[in-house]
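The structures considered in this document are given below.
Each of the next two complexes has chain A plus one other chain: chain B in the first, chain C in the second.
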Partner chain A sequence: MTIRTFFKNVFFQEILKALKLTFKHSFVKEVTLQYPHQKLQLPDAHRGALGLLYYDDGVERCVGCDLCQAACPSHCIRVVSGEDQENGVLRRFATEFYIDMTKCVFCGFCVEACPVNALGMTKLYEYSTANKRSLIFDKPRLYEVGKNYYNDAKAYLVAHNQEKADESAEAWRYRFPSFTKQ
Partner chain B sequence: MAKQQIISLDAPQKMFTVTVDGKQVTVAEGTPVFDAVKKTGVELPAMCYHYAFSPFGSCGICLVEVEGKSNNVRSCTAKVADGMVVRTNTDKMIEARKTAVEKWLIIHPLDCPVCDADGKCELQDLTYNLGVYDIKKGVKKQVPEDTRSLVLDFNMERCILCGQCINVCKEVQEIDALAFYKKDGLTHVGAHEGVPLHCEFCGDCLAVCPVGAITSRFSKYAYKPWQLKKTQTTCTYCSDGCAITLETEGSKVLRVTSKLSYLSKFGHDVERGDGHGGLCVRGRFGFQFIQSEKRLSRPLAKVDGQQIEIPWFKAIPQIARKLMQIKETYGGQAIAGLISGRCSNDEVYLFQKLMRATLGSNNVDTAARYGHMNSILAMQKGLGIGRSTTSYKQITLSDVILVVGSNVTETNPVFSLRIKEAKRKFGAKVIVIDPIQTNMMKLSTHPLQVAMGGETAMLQGLVKAVIAEGVAFSGFMEKYPKAYETLRQATGSLSEESITQACGIAWDKIKEAATLLAQSKRGTIIWGEGIVSLSNGQDNVFRLMDLAHLCGLLEKPGAGIHPVCEENNEQGAVDMGGVPEFLPGQVAYANGRERFEALWNTSLPNAVGLTLPEIIEKAHQGEIKALYIVGENPIETLPASMKVREAFAKIDFIICQDPFLTKTGQMADFVLPATTYAEKTGTVTNMAGEINPLAQAFDPKGESRTDFKIFCEITKQINGNAMQSVEAVMHEINQSVPGYFNGERPTINPEHLAHYFENGFAEDVIKRYQGTNTHPSSDVVNDGIFRLVLGQSIYHSGKLSTQDEGLMKIYNKPTLKISEADATKLDIKTGDWVRVATATPNGPLPLVAVEMQESLPKSSVELAIEIMSSLPKGMVWFPEHFTNLKDLMEVEVDPVTHVPYFKSGLVSIKKVPLFDLSVVSSHSCAINRGEAAQPQDMNSPSPSL
Partner chain C sequence: MAESQLLEEKKSLPLLRTEELLVNMGPQHPSTHGVLKVVLTLEGERIIKSEPVLGFLHRGVEKLAETITYHQFIPHTDRLDYVCAMYNNFAYVRAVEKLLALKVPDRAEYLRTIIAEVQRIIGHLFWLGSQALDIGAMTVFFYTFRERELLLDIFDDLCGARLTTSWYRIGGVERDFTPKIIDDIYKFVADFPSKIDEYDTLLVNNRIWLARTKGIAYISAEDAVSFGLSGPTLRGSGVDYDLRKVAPYGAYDKVEWKVPLGKNGDTYDRYYIRMEEMRESTKIIKQCLDQLPEGPYLAYEPKVVIPAKDRVFTDMESMIYQFRLFTNGFNAPPGDIYCGTEAHKGELGFYIVSRGGGKPYRLKIRAPSFIHLGAFDHMAKGYMIADIVTIFGTYDIVMGECDR
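The block that comes next holds the complex of A and B.
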């Protein structure tokens, strides 16, 4: 044992080092948040829970094209499409829409694939539950998310250059022709 | 459009040499440049081209450069010239093709995400392959979708006006229901003059459409092509045996497709005469019965007169115990079995083995008894092979085709395309003999519309004419001079006048037809239900065979005779021994018994088995104690005069195995839920004797089981050993019927022919040609008395298709068809109601009070009527799939072949004022009162025919 190590052991040098660090950090700006009393400001491009959106006139944007299902790498989306027979309008729409959030990897491919910007990613991340089954979002749930977090979804689309934030957005929102019944 | 050039198969062709991209290729004169380029291995993109019809030249994508010409040449319409120098993929051509595609993209709505063709679209493929990225802004068409048709929707925004739908309809189907028409300055595709489309709905236009302009209402917006699981299987409606692809999601069939699509347009593996790979309305749109709500999902057992659901593990032992009890008490003779012609070969084999080897009964019969047995028994006796002696391909390449008594465009629509192709493409002469002016007759080169019941006289006349004209096949005269002499003497006694009088055709025309057939190189005779399902059926088949011998059709290569049957596996059911006369392989029961006893390691019953009419008769006498019915429905098929219901009431124990609860099933002690063809594997044999596979697309619905599995389990319950798999049964069939699955075609044994001509031929021939007018249906039809003929409609097949929602949507209001002359006489218009009652030649039978009880045979029925110009005077016609009128029919059972004839009978017709309608019974008259009949003429869906 050298003299140096002897002194180290006698005076508990490690503890002194730790105390020094602690003391120093009481003057540094804090980085953690007191969740759930405090919440983080998320960036617009944040990939949170998915939601389905309406057009401004209240019509469902989704046309049931199944492209999100095709793009999904984790096979968590299932779309059942059909013909809208009501209201005398002939258009394709999704009769059922499921996203299995337990499988979702939040890659955002489905949003990118959507030709009508019907899907958007919101800043919602607090949907933990005791019942795993409720994590399979169905069509009403997805539209509910989309409705409640419309601004988030829209900000996401703008951040990903899929939609414009201002008035010119109308031109970006492609709508497929729907025909009235003859 | 240029008229299609007739390809001569016999004349030598002038050959031209063409240079394509430096490669030399030799092609026949008149070949399009496109085909010459294809020969070098270069595939030019082309949107409006399809090998099945002649080139149209509307898309302008198949452009090539030809040396000496300044403009680009459309290679599909340009014909080759000797020494032509062609350059295909130069930069200039690729740019020109890009421009052509862009021209369509500018006005295309680009609504791919909501389009049903997305992912299987030629415009998408071309855009991608050619790299068209910059699309100029243009004016979209803005046309509302045409949804007025029952089945097909036309979206003119997406249409690229390639004309393939019109061409396939006009040239391949020869229906000509579609056309271009102008509306608001835009070109549309649809029915002529823009009326709602009502045609045969074969759906070939839907299949060839390279974009999503034509879509099916039955599966609209329900899928994307890449999501569907595709299962290659065989259609089980008619005996054509078309290869179909079931496209399914889960256990739901979303659409049915076939080879015909833009992906098959270049016809890589198609040889001459291979057909175009399309389907008919039943195959393409009749898939909804598979997921019908009405299907049974659990076994039913009768307890105290009520049918209640029971589990399989209780049903099977109870059935096995009861069958064994009956066998021990009354012997195997008291058990009988009926199996449908829609079951697979393996199932029929297993069923007859269960009946014969396990239950000791030879009383097993199939749906072939309704007519096809006439052909099979006659051919077995005369030729030693009970099946068609030709193939589809040979028929297509025939030079003379004789169609007798078969409304082939309705009963076998896809097969009829081969006759049309033979005439259109290869210039064949088509002779059609029928009392009704059928669609095929309208298209034929030699239409011979005989008088009602004049087929017999006509056939006698043809045989006589061949001999009298001295054009008989020399090979036959040399080999069998005695047989020829017998025929010559027998027909010599017939006078030309009596034949002409009986069939109503001038002798010159008979002579012409006979000479044509006798001098043909590859002649084919086709006959169907108009011969075999009417009385005298077997004799007429013998007459046709005499004609075939005299014309050398059984010896010339490429020639042959071809019986048309109704259900998809009637031929296979007989081949697999589903009839009492034959063991598997069409071995006569007495001859093959020992071999099969050794093979199955059991003893087979001595007695000759009972046929369907005999089973019903014995049941009346109380001698049948148990009846096992698989997929058959005799109560709804046979007329009430046969008293099937009463006969079945006397049977102690009935098992009915069917996907649906039929009228017969309601009488059964046990109803076992079977599966449809989509849920089983196996093989079926089409009418040409080709073996086609059935493949399972998804698991059976509910607790239903395949017929195969049910037979296995019953056998296992009785004797403890059963087949494990379909493959094991196929292996056994391979042992018992060697070569059946190898596509080996039996050949005619000359020894058999010699034996046939030596033994009893002379006596039979004298009987066959004794006198004309032997057909009982030629009796005089007087005022108010008509001959009612039950026939097949193109939209239906048997009773099965009436369970299908889609087909019922297209055709569910059967009307009685009457000729124009008779309608004028009776002052009847289309949509009027008439009372139809059984009659004798002397007058109508007295009307018995009609009671609303279904068990009583009806003596009169009220029906809407429709005028059909193709019917002869004195005939009324009704589709046999609907049970309204069958109870008015009398049954005559053939003494030799036991075929029950009930598709023709005398009825009286009286107009009923609308307010006077007394009876509209629940099931028999599906027509709503006062509702006008739809314009659904079975024979003339298009105005131009």
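The block that comes next holds the complex of A and C.
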């Protein structure tokens, strides 16, 4: 053993080196967030709770085609579709719509599948509850989420190449002939 | 080595009545990385037999795959090895593409390679932090998780989720890089080598950590091969086998990089390999980003690949395919294929038997963690009971993948 390694061993040089490093770190900027007080800025692409969307003029987008139900890998969507005839114009919609949030894996496949972009994922993530039943989102709740977080859902659709941010999105809309909301 | 030592010690003992002790370790032990139980037979403090008991996290994923379409199975692969979801996605979509003989666009290959390497860094960071924590070095854990967090934020930006990513698609990827993501990755890659040196400072000189890793969980090259080990666990014994080199996929053959190899086949060598792999990964990522070609990120193959949304809106045919693909899936040709991918733990393989139709007839996952546990008894024999934590840590086991 040379003198050098002897001193290295006696003075625990490696520990001192490591301590120097950790000491330096007490002066770097903190990277943690104090969660309930500070919140993370979520990116547009974030896959949060699902919401159903309205068109700008307040018409429900969903036409009750069931494709989201078929696409869901965890089988947590249930759609009951209906149609009615108003002034001789056929209109299709979902009479009931359930998403079981306890089973949802937030994959976004339902959004990808929807042919009218009726579903959107929002940045909502704080909806924990003591009542498990209330995690089965029904149609009014989904439309409420979609309404309150419309901008998030829109940003999500744009970020995931589901919808364009420009006017052409409006042109793609499926309109039933001469149907307007009463 | 360890066994002969054990015998020597046995001989020198005075004639006392000794008996073997059976200890159950786990399934709730914090260092078993999930729910693994090991039945240890001890003689004094020496392990003479260890028997892993698996299945506490069995969810029947392979069976589940038979009931849903190929495309729908992608989110389920996230939950195999929940530390490295991207790699599972990658391995799975590669297997399906091989079954379909589908060609992926160039840009998609590069994007896939970049993200796979980012995921490899995350996996190794996670391993390093938790392994050091198991041994008692807590600081490393905080430092590695700090960097891991940066990468997970990139994932969040890219696909909308940090862990359960589902970003890979059959025929490409779900979403292209935005300029912000490219910038973030460049920035990370520039900083990261200095961070690796930090971890090195904390560990490789530390004599306690060295004493607990050098010579622990030794396996010889022949044994490693015959147990079917792969990844850093195999390369630690000096066997030069990396699927990225042996059967290149993605853009791995278009960039310069080396396969780091160990000599001694112990935990320290595996540590060394993982550190070097992180350095190599940064190089791969940097080169891929520099070379990133223009072009589509998803193949245009209407019968198989889900059509782009703007086509669905404007084109009746795409709309019909959209409905067909999401309800029945594509019609896969009958046959069976195996496709292995080098994940950060080892070779992650998917074996698919198809009898035509949209669902696999049988899907088998060759999970590296599962195969590695087969060698556990062999590698743990003769060591002290305090070393068992290191021996667990040496493979980088994730039980979600092991039990499936």
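Keep in mind that, in the parts below, the second predicted complex is superposed on the first by the 144 of 182 C-alpha atoms of A that agree within 3 Å, B and C clash if a C-alpha of one lies under 4 Å from a C-alpha of the other, contacts with A are read in each partner's own complex, and residues count from 1 in each chain.
The definition used in the following text is that a residue touches a chain if its C-beta (ideal position, glycine included) is under 8 Å from a C-beta of that chain, and two chains touch if they have at least 3 such contacts.
The model shown is predicted, which means the values in this text are computed figures rather than measured ones.
Applying the stated contact rule after C-alpha superposition, one finds that A:90 touches chain B and leaves chain C untouched.
Of the two partner chains, chain C is the only one that A:17 touches; chain B does not reach it. Within the superposed three-chain model, A:121 lies in touch with chain C and out of touch with chain B [touch as defined at top].
Once the two complexes are laid over each other on the shared chain, residue contacts for A:82 go to chain B alone; chain C is not touched. Contacts of A:105 after superposition: chain C is touched, whereas chain B is not reached.
Between chain B and chain C, C contacts the larger number of chain A residues. In the overlay built on the shared chain, the residue A:163 is in contact with chain C alone; chain B does not reach it. Of the two partner chains, both chain B and chain C are touched by A:70. Using the contact criterion defined above for the overlaid structures, shared-chain residue A:43 touches chain C, although it does not reach chain B.
Taken together, the two complexes place residues 67, 70, 115 of chain A in contact with chain B and also with chain C. The residues of chain B lying in touch with chain A in their complex are 109, 111-114, 118, 142, 144-148, 157, 220-224, 226-227.
On the chain A side of its complex with chain B, the touching residues are 63-67, 69-70, 81-83, 90-92, 115-116, 176-177, 179-182. The touching residues of chain C, when paired with chain A in their complex, are 68, 71-76, 78, 139, 146, 149, 156-161, 164, 166, 174-176, 198, 201-202, 205-207, 306, 308-310, 312-314, 319, 322-323, 326-327. For chain A in complex with chain C, the touching residues are 9, 13-15, 17-18, 21-22, 31, 42-43, 45-47, 67, 70-74, 105-109, 112-113, 115, 117, 121, 156, 159-164, 172.
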